[in-house]
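Listed below are the structures to be examined.
Shared between the two complexes below is chain A, which pairs with chain B and chain C, respectively.
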Partner chain A sequence: MSNKEIIKEFISHELLHDSRETPLNDEDQLIELGIIDSLGIMTLLTFVEDRFSLQISGDDLIPENFGSIAAISDLIERQLNR
Partner chain B sequence: MDFTFTSEQRELRKAVIDFARRELNPGVVERDRLGVFPRDLWEKCAKQRILALPFPVNLGGDGFDFVTTVAVFQALGYACKDSGLVHALASQVICGIQILLFGNESQRAALLPDLSSGRFIYSQAITEPGSGSDAFAMRTNAVKNADKYILNGTKTMISNGPVADRAIVYAVTDPSKKALGGTSCFILSKGDPGFTSGKPMEKMGLRTLENGELIFCDCEIPHTSLLGHEGQGLIMFNEAMEWERTLIPACLLGELERVLEETVKYAKERIAFGQPIGNFQAVSHKVATMKMNLELGRLALYNAAHLKNQRKHAALEASVAKLFISESLKQACLDAVQIHGGYGYMTEFEVERELRDSIVSTIYSGTSEMQANIIARLAGL
Partner chain C sequence: MFEKIKVIFHRSREILTEGILGAEIQKQIFWNKIATPVEMDLCTLPPNINIYQHTEYKFVELKLADLQTEKWVVPLSSRRMKAFQFFKKGWRNFAIIKDSTVVGDVWCVTFPRGLAYHMHPDLKMLGIQYKEGEAYGFDMLIDPAYRGKNLAVPLHRHLQVSLKNEGFTKVYGYYWNDNLPALWMHRMIKFHELPKRRVSRFFAIIYARFLNQTGPSIQASQKSASRDSSEDKS
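Up next, the complex of A and B:
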C-alpha cells in the first residue's frame, strides 16, 4: 500500500467509520469538511507517528500539513527523507 | 518498563522534600485563610531552581529531562502542603514548555531565561466566560493589520492571572475557519496597551493560587508576539495539554501520597472501642484503596512521562493519568476526612484543606468528563 492509501484507510475506518457513501479523495479538505477535528488530529498524529516511526513537532505541526490526504502524505515523505 | 528513579533523581527529590518542609509549609493554614499568593515563597522556589528544571542550560534552565522534572514535581506535591503554590509553579513550567516547543529562536532566547529564574510570572489564558470545556468556542479575537494584531475579549479564572507579568493567550484569528486553523497563540506582557488583569477571584481551594480575568480592549501587540504560526493555536493547545496533563498529575500524585501517609498515621493513633481505628475494615479498606490508586497512578503517570520524554505524542496516556490521579486524589481526600471524623472537618487538622484543594483537580486542565471523551475517542470510538 502507498502512504496515501494507508492514510486513507485509517481516516476512513477510524475517523469516518466508513460512514461516507463516496470514497475519500486525496485532495478532499479534511478540516473544512469536519473529518479532522480537535480530537481527530490527536488520533491521526498518534497513528502516523507509530505507523511510520516518525516524530512530528514544532513547525511541522501546522493545520496545512493535515488538510488533505495528499498533504499528510507529503509531510510523511518529507519526514522520512530527513 | 523500568520506572525506578536514578540516584540523581532520588537526590533531587530528597532535596526538594527537605526544602519544602523547611521553607514552604510554615504558615500554610494562615496563608490559605488569607488567600494571598506567597511571592516570597515563589522566589525561594525559583532560587531552588524548581522552575528551571526542564529548560536547556543555554536558555537559563538546568537541562534536566522531563521524567526528572515530573519526579521533582511529584516530590514537591508530596512535601509542600501549599498546593496553590505548587500549582502556580507547575503552570509556569507548562508555559515555558510551550515557548520552548513553538517559540522561534529569538522568543526562546528573550523569554525563557526570565521564566526559568522566576523573575517573570506567566499565565496561560484559554478559558472564557462563555467557554470552558468547549474551549474553542472562544470569542477573544485577534485582527491582523499592517504592523500589529489587535486583541479584544476576556479570559477568566486564569491561574496566575492577577500576578502574571506575561500571558500566553489563545485567540481567534480567522473566524471563517474552524478552530483547527482559525485560532492562534500570542505572548502578551503586562503593560501592553489595552491589556489589564482583574482582581483575584475568591474560591473554595487552592486559595494561594490567584485566578482572575485577563481583559483585552483594543490591545495592540506587534506581529512578533505571535507564538508559533498563525492558525496553529488548537494544535499547540493539544500539545500543551499533553505536557500539562502529565506534570500537574505528578503534583496530585504527591498529594495523594501525603494524604495516605497522614491517614495511616491517624488510623494507627486514634483509639475507638478499645483499639486503633485502623483495625476496623471500614477504615482499612479505604486506606487500601488509597494505596492501590497511588501505585496504579504512579504507573500511569510515568508511562505518560516517559513518552513525553521521548518527544512522542501521549494524548491518551496523559488523559488516563490526569483522569485517574485527580479522581483518586479527590476520593482519597473525602475518605481521609471521613476517617478523621469530626477532626477531619476542623481546619487545624488540615485534611479539610486537602479536600478543598483536590476538588478542582477534576475540573481544570480538562474536566474528568472531557478526559473520558478523549480516552474513548483514542480507544477507537
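Up next, the complex of A and C:
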C-alpha cells in the first residue's frame, strides 16, 4: 500500500463526515472542501506522526503541505528522507 | 465592579459544572508560554471571497440592544454577561447565528473608537502598537456543539470583510503555539506571523518578552491538551 493510499484510506474513514458519491482523488483540495479543518488537522497529524514514525515541525504545518493527499504524501516523503 | 464579580461567579459555576477547573487554572497560571502575534492586511483579502456559503447560518454584528432585547440567545451566561461589559468598553462583537442562537462569536477593538474607552490588555502582552484604521480581534468562541463544522474561518472572515468595508486596513490577533487548532486556523486564513512572545502569567500579573525563534514547535504531548481548547481562542 502506497503512502497516498494509506492517507486516503485514513481521511476517507476518519475525516469525511458526509457521504461522498465519488472517492477522494489525490489532488482534491482538502482544505477548500472543508475536510481538514482545525480539528481535522489534529487527527491527521497524530495519525501521520504515529503511522510513519516522524515528527512534523511547526514550520511544516502550513496549508500548502496539507492541501491534498499528494501534498501530504510529498511532505511525508521529504520527512522520511531527511 | 459588581458586574465583573457576577461574570466571575457565573463562569466559576460553568467551570465546575463542565469539570474544566484544571484547564482554566492553566490559562491563568503559566510560565514561558509562547504566543505568536499575527496581522492581516485587509487589502490582501480576495475581492470575491464568499464566506456566506453556509446558508443555514446568519453572520451578524451583535449589538448591545440585541442582547438587551434578547433578539439573539447567548447560551453561556458568563459569555452573555461578559458581552455587556465588553460593549460598555466600546468593543465590537461579530457572531454566527443559528435559529436565533449565537453559536460562535469573536470580539474586536477598533481604533479610535476602542481606544476612547479601553485599550485591550493583550496588546501590551503581544507588543502590538496599533494605529488608526486598525483593529484587534480576540476571544473567539465556537459553541462546542458546533465545532468541527468549519465555522471558525468564516467567522473570522466575516469580521475581516465587515471591517474592510468600513475602511479598516489591518486586523491583529494571536494564538498560543501549543494550541494546534488555533495555529492551523490562523494559517488557513493566511495571517502574517509577527515576532513571537514568551509569556508568563500569574492571574492578572503578566510578563512578556520577544522570543528570537522561527516557527512554533509543537510537541505531540501538547496536542491532546490543546484539543479541548480548540477554536476558542484567537
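For this structure, a couple of remarks:
What we mean here is this: the second predicted complex is superposed on the first by the 80 of 82 C-alpha atoms of A that agree within 3 Å, B and C clash if a C-alpha of one lies under 4 Å from a C-alpha of the other, contacts with A are read in each partner's own complex, and residues count from 1 in each chain.
The rule is simple: a residue touches a chain if its C-beta (ideal position, glycine included) is under 8 Å from a C-beta of that chain, and two chains touch if they have at least 3 such contacts.
Predicted, not measured: the structure shown is a model, and the values here were computed from it.
Of the two partners, chain B and chain C, it is B that touches more residues of chain A. In the overlay built on the shared chain, the residue A:L80 is in contact with neither chain B nor chain C.
In the superposed model, A:E49 lies in contact with both chain B and chain C.
Legend: residue contacts after superposition of the two complexes on their common chain; A:E14 is shown touching chain B, with no touch to chain C.
In the superposition on chain A, contact of A:E32 is made with chain B only, not with chain C. Residues 31, 34, 37-42, 45-46, 49, 55, 57-59, 61-63 of chain A are contacted both by chain B in one complex and by chain C in the other. For chain C in complex with chain A, the residues that touch the partner chain are 147-150, 152-153, 177, 180-185, 187-188, 190, 214-218, 220, 223, 226-227, 230-231. Residues 101-102, 136, 177-181, 229, 231-232, 234-236, 238-239, 311-313, 315-316, 373-374, 377-378, 380 of chain B are the ones that touch chain A when the two sit in their complex. Chain A makes touch with chain C in their complex at residues 17, 31, 34, 37-42, 45-46, 49, 55, 57-59, 61-63. Here chain A touches chain B in the complex through residues 14, 31-32, 34, 36-43, 45-46, 49, 55, 57-59, 61-64, 66-67, going by the rule given at the top.
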